[in-house]
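Here chain A shows up in two complexes: once beside chain B, once beside chain C.
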Partner chain A sequence: MNRDSESKYKGFEADRSKYPQMEKDKPVIDLESQKFIKTWQGPQHPGVTGNMSVELIINGDEIVDAKTHVGYLHRGFEKLMERRRYIQCFPIVCRICVPEPDTNEYCVSAAMEDLAGIVVPEKALWLRTLNLEMSRVGSFLMWLGGQAGSLGMGAIGQWTIGMRDFWLDLFEEMTGGRVYHMYMIPGGVRKDLPEGFRDRTRELIVRTRALLFDIEKTFFNNAIVKARLKGLGVISPEMVTEYGIVGPSARASGIEDDIRINNPYGKYAELDMKMITSDVGDAYARAEVRYQELHQSLDLISQIMDKMPEGGKIQAKLPNVLHWKIPAGQTYVKAESTRGEHGFYMVSDGTKYPRRVFARGASYTHAISVLEKLAVNISISDLAALMVSLHTCPPEIER
Partner chain B sequence: MKNILKRLNEKIDDLVVVKQRDDLYFIKVKREHTDFILRYLKLDENFKHLDFMQAVDYIENNQFQLTYMLYNYEIKINLGINVMIDREKAEMDSMHRIWPHLWQYQREIHEMYGINFPGSPRVDESFVLEGWEEMPPMRRDFDTLEYSKRTFYPRPGRSTNDPKEYMKEKLYHDFAKSPKIRRDDE
Partner chain C sequence: MKLKDILSPFNVWERAAKKPWTIKDPINDRPGAANYRGFHKNDFDKCIGCGSCEEICQNDAIDLVPVEGQETKEGNSGLRPRIDYGRCCWCGLCVDICPTGALTMSNDYTWVADDPEDYRFIPGADKTKWQDATKGYKRDEGIALINYDRVKMKEIEPENRDKSFIEIVKGYNKDQAMKEAERCLECGICIATCPAHMDIPAYIAAIRDDDIENAFRILYETNPLPEICGRICTHKCETVCALHHNGEPLAIRWLKRYIADQIPKDKYMEVLGTEHLADPILDRKVAIIGAGPAGISAAYYLAIMGYQVKIFEALPDSGGMTRYGIPEYRLPYDQIEKDYDYIKSLGVEMQFSTRVGEDISLEELHRDYDAVFAGTGLHLGRSTRIPGSDNKRVYFATDLLREVSLGNEIDVAEKIVVIGGGNVAMDITRTLARLQNIKYGKVDVLTTSLETEDIMPADREEVVEAREEKAVIDPGWGPKEIEISDGKIKGLHVVKCLSVFDEDGRFNPKFDDNQRKFFEADMIVESIGQGMDLSYLSEEIKSGLKFGPRGRIQVNKNFQSDLKWLFVGGDIIQGPDVIHGVANGHVAARAIDQFLKK
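Let's look at the complex of A and B:
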């Protein structure tokens, strides 16, 4: 994608000639002067899946200062895991992100395998890759509905959430759970595919593509969407490295960073895929990149269905997991979620319990440092669209 | 990566390198070298992306381990930098000038582990624990059970069962007689 846009890497710049007065590039904010209003966006609002609030200072309808507040979803997962045996961590980690729990399961399994030196069977790697891609489709559909909903197009949200439900049906067949799957465990996966699963998946891919065709017409070709998203929240390539921006948000600014391609895991190295990037960097470019990646995920699922062998072992032999001691060491395992790099840092001290487990989610910087920077100077009505375009998921900020 | 480690070894003495995977290395550096090493790796060796910064409590050695995880887009390798600091006087130099988003991690570690980062922006603001007055909860010596007993109280009408007895009584009373579940690979 290369839009010849006058706003390339340059966002909207407000006229600061009158007020607020600027001192060292920062507005002088005096709430007593009655020119500013302090207001809160959230914790419940359409901008994100979860609870998070942004403390705003507005001047007219323009945001002059923003500060993110989290803490509404802190469940102390990392502390809990320090008191759980390794296998008992699995019902916990998937709850770190509701729309896309499988990336957490994969990262924790892979971290334990890395520390314990377990080799995963071929078929299990295929099933993991399939599971991860299906969860990406579900999460992208949810995002697409949110992005449309934040611009007042509620119908598209209903279409995509409806379609996501059919994907959840497939998850239920595959794993037994709709939202939280607990499918991947150290050494492999819990179950093989049920009979007829491949045909049903292929059928659903066709139906999803038909829906996306409609959405392309109504959303991406919509003049209002273009007018509101183009030039909104522009991220430059320099900002990507300085602020730790990852995933589609980084790729929409021209940084070629996709973990599935750069550091392949599962069976991604055997699949045919190419990096999707844009060099515009605004909210519309991020939407376009994500939309193409949704198609890419559907394509990858088709490829997996064709290439995955029928039979084979799905579990490596593990010791008794209730008394499982993992050798001392530390590791970091990462995977590409729909929001970007999702990783787990795990430290083992050789006992039955992990010494430290840290979940690194993409939203950690996107929703705090980046959002606080990008929200300044935009209209308050565009804030929800900006938050969705950064694809924020608050539970992974506070874990 | 070998060349990078070789050049790094020339700059500082006693560099401890652990190779975890082909795309993941850990090095252990002294606290006073951290600022120099991070700047050098970012500016000269292209480790431009900071994945995260976190702390681990080694209470038995009276130390905290800080980990900075860097990534190089070109050679596609992660490099973790481990720094040990004293647990009693838990303080570390702030690195927020190297990566502008690092203050967030420092604020979280300050709240969760009580490690101080003098000069880090907004380090004293609360992150997720608004109004918390106990000791930093991620420290190993924070007693969660004692805290729960002190803070929460049994509600009237609720009863508690011993899990082992309860399972025996209600659910699995014939468990010993049930056929053994076998896995495919057994």
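Let's look at the complex of A and C:
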């Protein structure tokens, strides 16, 4: 197996010299030959960040074929929304991605605002941006714990999940909910910040940075982590385009694509931020990019705390939501989630209910086509680490 | 492999010496945030059971159910939300939409029960440990999912209306009506309160859908006088509208007027599908005494059932009190005619200037018709009976208003005092103000009432508009004596009224004789209530009837008197107002149909 991370974008091609033999570009896998075992990772495997399974054909401990299976948590949110008034959609969409619900809330609200021509007040835009960045912090912390856990380092998972809980405390104060915030509604947000919130947030940023410093020492400067992640799941820039890879996974392969910078929404245009990239493209590079983006998010939150005005309107006047009809039209809005471009396509036919809502998450590509390609030829013990390094979120695949 | 990367991970032990983050007793040491969306609370004193929470809940977790101790009354359905915590997702939309602010959430989030059924509970009724919690999610000021501000109605400016009887209210245009209609919560609290039980949410929904013809048909299901009611209804529906608790009630009356205004008179039959009714299909005949709202409502519903209906009216034209008691600036005569002409076109005969009891007897009607409905209204004035009230320059408001409607000239004085605080008092005040303006070019009308301004029975806008038209309203005084010198009125002596009703709610005014005032006047108008004229009932008929309080004829719930062929309704039974008359007439029409089918 190829473990040379510095060998730029090599190593993802499967070594087919031994098994399985290729015939017309397809592997010949004869389970009767007793050279292969079919096994499943998931849907209960702890290395899977949610309910999804990978059907594996292994030869020794080497994966020779992988196939992703979903269908364990399809809840039909897109269809449910077609039977709900516009205002009734926002409590549903947060469930599309549990660790990072706010991007969904933002997108569904922004789509409705775009179709209905609602202008969101300034203060609400600041609060939304703050909410989205806090949500990114929470999601990155959860990923970081997962990435460490997938390599057997459970303690770091406990630290980050513990720290995430302090961020959830802030969410609770700000929105009234810890996990599902249901904070952004069409036209703005539901609550202004409680008293003393800025100070408590600044305090928590300091604590989070202290923890990240510890994690840098124990996780990133770790011979085992480097040995296992470097060279794992290398994504080349060509593959980014070919597969539609987005977010940190694309940026770790040198693609400068961040919606917050390239197509700023909310108040991102008024914040000082730089594109974070790497030109290595392996799992370690992805971890490093995410780690830096975590610091970037903390920095952005600090900036928001300094720049956001006190007071001000937080909600545009909505029509009576019981009879709210949005003029016929269609729109696609996108936002940068921790996994990459997250978008909502919404069609209105002029009635009280959306005609069609489509939620586009990064995990669909990352966890199916990309994972199926990158999993081949790696050790079965590295599969969990690879999946987490692609930051897959199965609830987002199925919706 | 660097040595640093081998040693660095041992830093993990550093954290072993740090204070743990765990909270030992989270249930007690970790209350929910001040804004936490925890278990629901409901303030039963504020809750009106409108069901907006049930309507907005996207999980169908809320049902409105009857609760012991909560009674159905005007403006309150008596139902209360029951929440199923097996379905609730704590989004708080129910709290955000609650128009009264009764439904809130506590910051409590732990609850253990043995029986799963316990988690389907009625906040406010079931005893919970969080019902007195002060913290939790509430709707903030300025956050609204519904619109609390009414679309303003355009009116003619005071300077352009105070010399004429031109209609003041201009009516909504399409955009305004649709915008106003959008505010409706469709709770239906208004339906229960409207005496005619009009399906208000349905016709307002039809306005939103811009389906005016359908809206018009819905109006006629329960009310054949939409132009009249759309202008001068006492709008009990608006008084109980769920929106009024935190904002302005829906302009239901103006929306009704908007619908009726959109349909031209010659389209009525086509829209309502009554072209086939021009000739009665049944040979049973019903006589109706009085062409007021009650009589015309009974006539309409009998006519569409196929009965031959004839109305006998003492006055020279139709409308009853709506024409002869309400000034033209509130209800133009052509609008009355629009409603009435349609009903005439259905074959309803109207014989005017025929007073039953004088020109034709009730016995004759009984002989010639299968049933009789009497809706004769309150046309007599009531006197204060204070010294001097027998002077010829002391008038009843009803008499003057009738004279104005008949087109007869009134000898308007330069200084007038009106006694009364109801809408009729405002009508006569504003009518006299106009007449003074036309005659003298100035206004000098003073209106005084027992009630102070906050409890005056007149509509607020009537008081405001009267003042805009330069009438003086000085409420809170009791009339004591009319000073007369050489047969001419000098003015009215009044004393301060301390309270109008006693502790039991009975009319029993208390005065402070030390606080006195004198209002100069050379003409005084009494407007302290109206009485009925039942002189058309002969002694023989009277002996077959029973009478209740204030001399009202006793009727059953179908407005049938003890003489089975005689039905009575309108102001002489309920009200006084138009919508009770309309409702009575409708109920009586159905009862007459049942009576005649037997």
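Everything below uses one rule, namely that the second predicted complex is superposed on the first by the 382 of 399 C-alpha atoms of A that agree within 3 Å, B and C clash if a C-alpha of one lies under 4 Å from a C-alpha of the other, contacts with A are read in each partner's own complex, and residues count from 1 in each chain.
Simple rule for what comes next: contacts are C-beta pairs under 8 Å (C-beta built on N, C-alpha and C of every residue); 3 or more make two chains touch, one makes a residue touch a chain.
Because the structure is predicted, anything quoted here is derived from the model rather than measured.
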Item to check | Combined model on chain A where chain B meets chain C, clash or fit | outcome: clash
Next on the checklist: Which partner chains sit in contact with A:Lys267 here, chain B, chain C, both or neither? Use first/second/both/neither.
Outcome noted: neither
Next on the checklist: Applying the document's definition of touch, where does A:Arg198 land relative to chain B and chain C: first, second, both, or neither?
Outcome noted: neither
Next on the checklist: Which partner chains sit in contact with A:Arg290 here, chain B, chain C, both or neither? Use first/second/both/neither.
Outcome noted: neither
Next on the checklist: With both complexes superposed on chain A, which partner does A:Arg355 reach: first (chain B), second (chain C), both or neither?
Outcome noted: first
Checklist entry - Is A:Tyr243 in contact with chain B, with chain C, with both, or with neither (first, second, both, neither)? => result first
Checklist entry - Does the superposition put A:Arg339 against chain B (first), chain C (second), both, or neither? => result neither
Checklist entry - Of the partners chain B and chain C, which touch A:Lys313 in the superposed model: first, second, both, neither? => result both
Item to check | Clashing chain C stretch [against chain B; choices 74-82, 488-496 or 506-514] | outcome: 74-82
Next on the checklist: I'd like to check the shared interface: which positions of chain A are touched by both chain B and chain C across the two complexes?
Outcome noted: 313-315, 317
Next on the checklist: Using the touch definition from the top, list the residues of chain A that touch chain C in their complex.
Outcome noted: 84-85, 87-92, 155, 159, 162, 165-166, 169, 172-177, 180, 182, 190-192, 194, 214, 217-219, 221-224, 226-227, 313-315, 317-323
Next on the checklist: For a test of understanding, state which residues of chain A touch chain B in their complex under the given definition.
Outcome noted: 70-71, 74, 76, 78-79, 82-83, 114, 241-244, 246, 255-257, 262-263, 313-315, 317, 329-332, 334, 341, 343, 345, 347, 355-356, 358, 360, 364-365, 368-370, 398
Next on the checklist: Touching residues of chain B toward chain A in the complex: what are they?
Outcome noted: 20-21, 23-24, 26, 48-52, 54, 56-57, 65, 67, 69, 73, 76, 78, 80, 82, 99-101, 103-104, 126-130, 137-138, 140, 144, 183-185
Item to check | Touch list for chain C against partner chain A, complex | outcome: 1-2, 4-6, 8-9, 11-12, 14-15, 21, 32-37, 52, 55-56, 58, 89-93, 96-97, 105, 137, 140, 142-147, 182-186, 208
